[in-house]
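In what comes next, subunit A is part of two complexes: it sits with subunit B in the first one and with subunit C in the second one.
Let's look at the complex of A and B:
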């Protein structure tokens, strides 16, 4: 009798424990975020980077890693929601806005996601943000830089990355600095030596916006944009575009290109023996690892704007830690793309933590109120704080960009060195651009 | 009246064809009533859109035998007319859609006259060129948003808006495009039995003989090209309000032209059912291969390889497309 009573108590205990565990599991609901990236097509290399960056952030958010100096690393899952874990549902939009919009609908209506992230191509983000707005689902954009995206007055759209107004202004501040002798290791360059500019930008939302900004800032800063070309990123031949650029004998060539077209552009410039004194790319294709691994020494001396350069690790311990983790996972250093998707998901974690719920209205309120300090970020920004009103609604107001230059180290490895902002420059600038 | 009777008369098809067609139409009518995912709904809308594009292409490409690879320019004219009319003057879809079709027809007459002086491969290349030139013009034309295109902001309209065709639920878009699909199907049924339809088939068989019979070959081709154009333009207008974001690189790309021709060719050019079968196979195949094997499953790109492989197998097995396979089986049974 006593024995059977003991057994019954044990059984009850086990049942109670199981029930408690189950209750906990129910409390800690799953948070689903739909992520749209270009995983195939011309920007597939960038898509892989973006996905790896987001996955690393997810790993840190869902597991406690106290040695990392980030709020999201301290807890398992979202603490304010009982430790709820985040699940990412990846979709491949191929760089196609129509497909992107369809996939966003699928994520919202079929997969019942609580929020969205993506979509890299500004044109796709524009289409996806319209869907998110229509359904009232929060979308945090990590990596699209067309200024137009935060000027539509959307209430469900936030962007962590600085946009091209910031970046293009940086470019002209940098050119101005060159003429004033502010660049590390470079004497002041006479303005007449770099006054003639020529640009070639891919012709969707992003590239077209960059092209317009180059013309606008060129005029404002007293430079002459001799030629502005728009070309198709899917193009298999850029000979005529490069010929017309060379024809105006520009001092500086400026580009906004995705991956495959950035590589093709450089190859064509080399074939046609272009000889600009300065060659600058607006991030994207100019900073994916494939750009260097495919082109090798051809890239030495070219400049790219970015938001992450591995050298940041020297001054930012948290960036060093995350970069090491990323390198162990993928074999590559963090790039502007992966650092931004990492930061995008980090912003999502902070928003969810503050919201304490997955209700869209709570998330909206939280997103408009969060403030992530700069020392928690891998990117060199002052932090993340979204504008809750005004012309640039939803835009992170604390972001900034970098300009890096590909240089060959003593061990033969090609790395990006910081040349702008001038006060954090890590190497002397190579000028003029070495002949192809 | 005679035309309506002809459009509704499918009696020259075998009984089995009519039964299958009726079953498909009933299935399409009742599809939204069954439990379905948003993805399935989007796929069905794409299927109906590409069926209509294919029907349009089938007039000149299938019945007329003129390989037109420049239909994307008319998708663009339709889409841009509707969007510009809506954004600038708040003109409803039902006015801007026919206006877009008229503009497309006008443009088709302008370029059709010189285009049809060319034959065979030269004609195909010239259609690609005209489409790309128009796309280039749109890319620098500030009035239509240039390369950055135009976007319809959904929150500015009270949905459902039946006049402007702005909806939140896709089911409204589904029944709208389904209605257009039925009209298109009936029109094509009339067209294939019309005087122009017979003229085209004789032109396709032998242009010289057709000319000797008194057919104005050049004019017949231009008229048919205009009809094809109107079909594509109407769907282009629908595309604009459905997607709500158009830009030349997406709306007028060569990919769209190729896909339109591919649907009709793979389904069976020159037959009433061909474009519908082509779209019915290729659109779900593309969507679901991607969904099952693409990014989510971690096999990035395998869906595209399989998709390409299936297209190659069909083309190698029966160059006249899927409808050709059906006819081949029927002939064998008769023997």
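Let's look at the complex of A and C:
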């Protein structure tokens, strides 16, 4: 009797172990995440930022750094998987959707990655998300903002960054605030002074979506969009586009541009002596370090929406700490791009920790259930919680944006100052935009 | 009215830039019956020459022009002596595919050395300067410099071809290579010279263009396409043809501006809604297609 009981226990033990091994709950030695960014091409500057941000987060996740107030800094690797470490496999999609999709397939089939992250350009992310959906591999998107991406009803796609509906609404809330005298250091501006708008957006997935949103919100908020231009980001010359904008004599010029076209646009505006009262960029090209290092004083007074401005460090200690580490590593402050890729990987770490396995189904379940509190993030969001159902499935519901203005400090350095949300503004707004 | 005059002025300037880009292509074709697909890559090399020299030496980009011309001349001569000379022995298709291969080689060498990132010049005597002449006409100093260079280059090449002994030798070689050789003209050297002139005119254009447009290893393609349209419109091999056709293509690129003029002046709302700027380059290719359809010989006809 006792012998058979012993046998039964042994058998049970073996069965349990086998079951554990099969579910993958026993540690995976290495968790591979494929990361797709534009490391060369027109957006390479942003690509470098994105890569550095993700690498810094990886460093923190794979090593214990108890002095950082983040869950992922407390452990070595993924604790629920026995301390398994994460490896990032970077691929360069050059801003090309077809190449992005091919690389995603390669990462899934050849490198056998457990998950994907990327891809910055909304057009590339769209192509990559279709591949991820086809193969049932989880994709966390950190920095693409076309609203369409989370409207596809995909089950394997999650997005940490707020999208352009949030950002464009912010812009119009800001313009409305200007007319109501809510902007720091600025008396109420009569609405007729800023009512005429003109926009120029690059014509792929992202820019085209922004252009439509500007028209939609413009109408909703009672502004008049006099001209909406879509242009090729790879264009060599933008003078006819700029002339077209100037022709309608807009009060505010609004842009959605990647890096090289944002710089060319500003140069051409200067060349053509454009004189808007307000100049706003939808992030991307308008907030990479090259924008200021290349154009210098020309940028002073221009606005950009973003999700990270180094001044946030004044109110968020964890952001100050990570920003200092990032600056030591790269020489630059965190930007909207690097802060978001950092946060994207941070979300991955939380998802893996909760899943306790690399099985796609477990990751999917965990991603739909996680909730990261805002005080762990470098970005000024309330946290990360993905919508598990509804129209915007996979979208982080707790994100928000900032609007910054380039201003010159007394030491001659040009920095972004927060002008929106109004309650966290760090400087008086420069208005109107100084003449080129 | 402002936008109309502004677009006309911009079209003229842009047209002169484009005609300078196309000059080398038409010279090489006119003298040797070879279509050089690597033409845009020569321009790209000129752009990198201007950019890197100015950045490395701290000199004003304008001072890099002689160097760019020298490098372009050498590149042209080397390409002829080391490559094209052998292609001439083969059929026409070998010449077409050969220069196409040359294009791929040059582009990938540039990728290897310079990477695929966009690079641009941000400092220089003319960079970022423009003059407001009134009535909506704003002239960018850099484009004006290219326009002046274009006029000088066209006059120079035309004088060389029509008023010098060397030009006569080049023309003789182009018309009848064997006959020219019997007359004691060193035809091989003449061919190399044709490639040298073609290379020098386009690299010098590149070194100036980089003052206002950024460069990456792929930039050649769009310029090759535009140069082909210019040369097809002007008539393959015709030097004055390339100049006037460049102006026409410059105006074609300004179609969105003219469109805006009509939309605004006559307050036509449906015109406002048409996204003309999205199709800016489309019109160039459409016009190329139409030219090929109705007048394959172009405005000034092929060389006789």
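As a convention for this text, the second predicted complex is superposed on the first by the 408 of 436 C-alpha atoms of A that agree within 3 Å, B and C clash if a C-alpha of one lies under 4 Å from a C-alpha of the other, contacts with A are read in each partner's own complex, and residues count from 1 in each chain.
Heads up, the rule we're going with is that a residue touches a chain if its C-beta (ideal position, glycine included) is under 8 Å from a C-beta of that chain, and two chains touch if they have at least 3 such contacts.
Please read these numbers as outputs of a predicted model, since none were measured by experiment.
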item: Superposition on subunit A - do subunit B and subunit C clash or fit; value: clash
item: Partner chain(s) touched by A:63 [first = subunit B, second = subunit C, both, neither]; value: neither
item: Which of subunit B and subunit C A:44 touches, first, second, both or neither; value: both
item: Touching partner for A:314 - first (subunit B), second (subunit C), both, neither; value: neither
item: Contacts of A:230 with subunit B and subunit C, given as first, second, both or neither; value: both
item: Touching partner for A:98 - first (subunit B), second (subunit C), both, neither; value: first
item: Contacts of A:203 with subunit B and subunit C, given as first, second, both or neither; value: both
item: Touched partner set for A:127, first subunit B, second subunit C, both or neither; value: first
item: Steric overlap of subunit C with subunit B in the superposed model, located at which of 93-101, 147-155 or 183-191; value: 93-101
item: Interface residues of subunit A shared between complexes with subunit B and subunit C; value: 40, 44, 203, 230, 232, 234
item: Subunit B residues within the subunit A interface of the complex; value: 37-39, 42, 46, 139-140, 146-149, 151-155, 168, 170, 239, 243-245, 247-250, 253, 290, 294-296, 300-301, 304
item: Interface residues, subunit A side, partner subunit C - complex; value: 40-42, 44-45, 94, 203, 227-232, 234-237, 239-241, 243-244, 247-248, 259-260, 263-264, 267, 270-273, 294-295
item: Touch list for subunit C against partner subunit A, complex; value: 2-3, 6-7, 10, 14, 115-118, 120, 122, 128, 130, 132, 138, 140, 212-214, 216, 219, 222-223, 253-254, 256-257, 260-261, 264, 272, 275-278, 280-281
item: Residues of subunit A that touch subunit B when the two form their complex; value: 37, 39-40, 44, 89-92, 96-98, 101-102, 105-106, 108-110, 123, 126-127, 130, 133-135, 146, 148, 152-155, 203-205, 207-209, 230, 232, 234
